[in-house]
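Next come two complexes, and both contain chain A; in the first it sits with chain B, in the second with chain C.
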Partner chain A sequence: MRTSDWALRGYVLLVFVFVFSPVVMSMIFSFNSDRFPTIPLGGFTTHWYETIFADEDFWKAAQNSLIVSLCASLIATFLGFCTAYSDYRYTFRGQGAYLGIILLPPTIPLIIMALAMLAWFSKVGISGQVYSIIFAHTVLTAPFAMAIIRLRLNQMDESLEAAAWNLGASEWRAMREVILPFCLPAIVSSLFLTAAVSFDEFTVAWFVSGLNKTLPVHVLEIVQGTIDPQVNAVGTLVFLVSMTLVIIAQLAIFFRLNRSAK
Partner chain B sequence: MRRLNAYALTFRLPIIIWQAIFFIGPLFFMIAMSFFLVKNYRMVEAFEFKNWDKMLSRNYVWDSYWYTLGLAALSSAVASLVAFPAAFALAYRSSESVRRWAIFLLIIPFFTSYLVRTFSWYVILAESGVINAGLGYIGLGPYTMLNTMFGTIVGYMTLTLPLVVILQTVSLASADRSLIQASQNLGCPPWRTIFAVILPAAKTGLIVAALFAFILSFGDFVAPYYLGGSKPPTLPILIIDTTKAGQQWPRAAVVAVIMMVTLFVVAFTAIFLAYRKRGSK
Partner chain C sequence: MNEPLVVLDGVQKNFGDFFAVKRADLTIEAGEFIAIMGPSGCGKTTTLRMLAGLEAPSAGDIRIGGKRMNDVPPHQRDTPMVWQSLALFPFLNVRENVEFGLKMRGVSTAERRRRAFDWIERLEIGEFAERNIETLSGGQKQRVALARSLITEPQLLLLDEPLSALDAHLVIRMQGVLARLQRELGITFVYVTHSHSEAFAMADRVVIMSQGEIAQIGNPREIYRTPANRFVAEFVGRNNILTGTIESSDTDQVTINSVIGNFSAPTEGIHQEPGSLASIVIAADMVRITREATDAENTVVATLISEEFVGSIVTLFLEAADGTEFKVQLQERALTDLDVHAGGQFHLSWATADAHLLPENNG
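Then we have the complex of A and B:
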């Protein structure tokens, strides 16, 4: 039993090495002076970072990414909250379909969503703009917002809201003073997670954005050319931003959910 | 409570309106578009089966279809098999807090920069890349790993493995432990416990995990394009080529609709298997 335990532990470690080695490699090579990344490493350089920081396209893309993920996360979290609350509080006909329309997007391949949205957005005349990406990303990220907030609502004592009404609060006031404060950690978590998902999404963004590239689309276009160590530098920056967002999202809620779920 | 007042509608309506415009609308329009025509590089709304005829009669579309289906099935199987020992260890041989930290760590890559991580594999797997350089020191290689099916599968694993490990771990950890104890107390050897007790008990979660791996791989274009060399192109690559280079949106829509139908069939089969009651033996 002992040896098999150690073997299993080693195996788990291997899986983690597999999952994280690309992240680590791209960070290491972003400081490597050789043009083609291999070992032994060349000297230490910040040249690739200087290159991208001097690149106007990079800043434009970074700005677009920032606007898109900020707006998408606000709208998606609003939609997710409304839907989660409706599902929590009410029982109504067609509830299954109602949940379906918010939860289904992640099960449809992004490339299909990309084509469908490109075609539809062109048809109604809203394609090729920064806001096109925002609309698309709200659809892709709202399910995550809904799921997080719904899980939080699950933990709420149902009599809390009713108690507020009995004490004379209107529905709106109970929402403001009971439901919203209770959901706050989930809302914060949702804002960060949806921002991260939007910040990283490139398939749909690539199709609907026209000339308004986001950072991952910028990366996609560099990668389509030749091997360019710039990618490691841009990649490392994108990693750091999205990892930070996901970590904050998790710290805001997941440990709390785990703890009180017991 | 059931009366629909302004308050209830305020919370219920936004998502219905939003998704009708930005989710349902696009999907239905895409299905309609597969019947449109392209004349002089411009799309004309019509209801003709021309695109369907064209696409379904081309051999390369069918080659691509079966290749993509096979790759996604292989990816789903590999992900499930590779993930299982790790999920087993995390579910049964780790403390609660180790398991929680492991899931915490695995969630991070699932949500971050799949594109950059794949490109990083390109650098690691290349002829003069990290692995071959390492193997060169001990006198092996170089091995060709890029532009092979191996490369594609590595890419798919980058995409799916974290999620599959998480889902498997959660479903194993929530399986009824008293069943496992009972089988051990009755003298069942470990391997038989896994196959006769644990796998059936965690069946639903394991199938759902495999299904997600299938869906993600089936729809991904990055791994087969950058690591697999895109020969033959998979369906997602076909959609991109047809849309971006050919300007043939209706034909791309045909491929997309075929993909969706396939996914429906696979998903329903998987869910049927996952929730089927075990026959009495």
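Then we have the complex of A and C:
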């Protein structure tokens, strides 16, 4: 192999080390018996995990996070699908602006978004509830759902839906028998990806959640008080959950798209 | 009175300012094989889509089986289509694709499976029944698409350039399959294509369209031998078109005068005033080519430009003194005594009876 190939491999490896070492450190320290994260390490312990599992606040936050990410991903994927399909199916005035507005939320700084949502939710009296976080996360993640599903629809043979009508399927039936099955890999991918984004999201959740903390908000509260290795344990768990969701999302889209693109 | 299976009565379709179909009047009898052909953008596919209900006519009526179909949505018709892209469902296997039409009609699982297998066998793709669509070759996919459209045993099958994606040798084979199916089933085929060979090889009648209008309807022989206008004469190819002013015209014969000589053609009942412009068409295979002058009725001297071989048929391209182009088609073995080489001078001649006067006065 040529030198440049080795150089490239080395470079990629360095990037991965740089990106993942803090996370790996946090995982290692979550099993470290010392109170302060220093090297050399102390003994091995599961004490910090036992502490958080015994903590009612942690369970409450975990429950909130799960409910929020599940609901937000379902609603966002539904909205994303409807938007992508309407863009695919129809040609109308202002279609470009329609897409632009839908894709806007991820480009707005999170802190601005969070403040705006808090202000708005308070005004209409829906702030500080679990469903407030669900609303907020739906807004944040729907653009991703739309983008993934739109990509899939663009790969569809233009005649496919008309072929279903032509063979006796009504518009709703064609939706069920052709469009949805064709988009299934993208829908699955979207569900997992939006769930992962929601599960991780801190800023907006912190502003609108009130007393209903999600896990990332809970983590911050631990850190604010003292240096507490519990945070490493919680962090490790959150990281594992979101990585799993993202990987499933990637697998769903990668395998299915590859198979039917041929 | 028994109405034909399909009637297009003054059908028009516009998309804003663009008239895809300006006016189409056409009747199709049950059991006919109709080819609609023309250059791209001539309105042939739009006409087919209107028959399937995928477009609604802007004016005029479409009747199928005596029933006005203008506002009947596609899924309530039984007008299956074989798509140019085939449009097979990639997430279903071969059998599930074929079953689709019956499933939509609520046929029981056992019944539709049985009928799907019948069609799969009939189209000789039995061994692929449970295979994924992606693993099939172009010709096999084509057969799946046919089986999927035919399973509801419709009266009318629409085909939109179905063979355009296939290799040349497969096209010939599938033409055979299509023609045989059509004969055996007695189903009416409406076949849209831009390929002369496909249309003329299979169709009972050919509809030639140009710029949203029907230029001629006739059996392949009529289209070849008696083109209705200049567009058709040029579109079917291999025709020589000569234009001149009418010198004399009696009940049987018309003579035109052009720079390269006087030529005659039967009037075919059309009267045109002496002095007006007229065109006559002589098919390339009706022209004789010789080295020596002949005493034939119509003769031209021309110089050979090039030759083109397709199988055993040769087409010679020649040019008369004023630049008028001539095409002569003959059997390859007829060339041996002719000593053809580019730049050579030849005498072209044809019988008056083989010339065809274009009915319209369009010069």
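Criterion: the second predicted complex is superposed on the first by the 249 of 262 C-alpha atoms of A that agree within 3 Å, B and C clash if a C-alpha of one lies under 4 Å from a C-alpha of the other, contacts with A are read in each partner's own complex, and residues count from 1 in each chain.
In this text, a residue touches a chain if its C-beta (ideal position, glycine included) is under 8 Å from a C-beta of that chain, and two chains touch if they have at least 3 such contacts.
Only a predicted model underlies this, so the values are computations on that prediction, with no experimental measurement involved.
Visitor: Please determine, from the superposition on chain A, whether chain B and chain C clash or fit.
Guide: After superposition on chain A, which the two structures share, chain B sits beside chain C with no clash.
Visitor: Check the residue A:G168 against both partner chains and state whether it touches chain B (first), chain C (second), both, or neither.
Guide: The second partner, chain C, only.
Visitor: For A:E158 in the superposed arrangement: first (chain B), second (chain C), both or neither?
Guide: After superposition on chain A, A:E158 lies in contact with chain C alone.
Visitor: Of the two partners chain B and chain C, which one touches more residues belonging to chain A?
Guide: Counting residues of chain A touched by each partner, the higher count goes to B.
Visitor: Looking at the overlay, does A:D57 come into contact with chain B only (first), chain C only (second), both, or neither?
Guide: neither
Visitor: For A:P181, is the partner it touches chain B (first), chain C (second), both, or none of the two (neither)?
Guide: After superposing on A, A:P181 lies in contact with chain C but is clear of chain B.
Visitor: Please give the nearest C-alpha separation between chain B and chain C in the three-chain superposition, to the whole Å.
Guide: Shortest inter-chain C-alpha distance (chain B to chain C): 8 Å.
Visitor: Shared contact residues on chain A, chain B side and chain C side combined as an intersection?
Guide: Residues common to the chain A contacts of chain C and of chain B are 171, listed in rising order.
Visitor: Show which residues of chain C lie in contact with chain A when the two form their complex.
Guide: That would be residues 52-54, 73-75, 78-81, 83-85, 87, 89-92, 100-101, 103-105, 134, 148-149, 152 of chain C.
Visitor: List the residues on chain B that touch chain A in their complex, please.
Guide: 1-2, 7-8, 10-12, 14-16, 18-20, 22-27, 29-30, 33, 82-83, 85-86, 88-90, 93, 100, 102, 104-109, 111-124, 126, 128-130, 133-134, 157-158, 161-162, 165, 215-216, 218-221, 226, 236, 239-240, 243, 249, 252-253, 256, 259-260, 263, 267
Visitor: Can you list the chain A residues touching chain B in their complex?
Guide: 5, 8-9, 11-12, 15-16, 18-23, 25-26, 29, 36-40, 78-79, 82-83, 85-86, 89-92, 98, 101-102, 104-105, 107-113, 115-121, 123, 135-136, 138-139, 142, 171-172, 193, 196-197, 200, 202-203, 207, 216, 219-220, 223, 227, 231-232, 234-235, 238-239, 242-243, 246-247, 250, 254-255, 258
Visitor: Residues of chain A touching chain C in their complex?
Guide: Going through chain A, the ones touching chain C are 157-160, 162-171, 173-174, 177-178, 181-182, 184, 259-260, 262.
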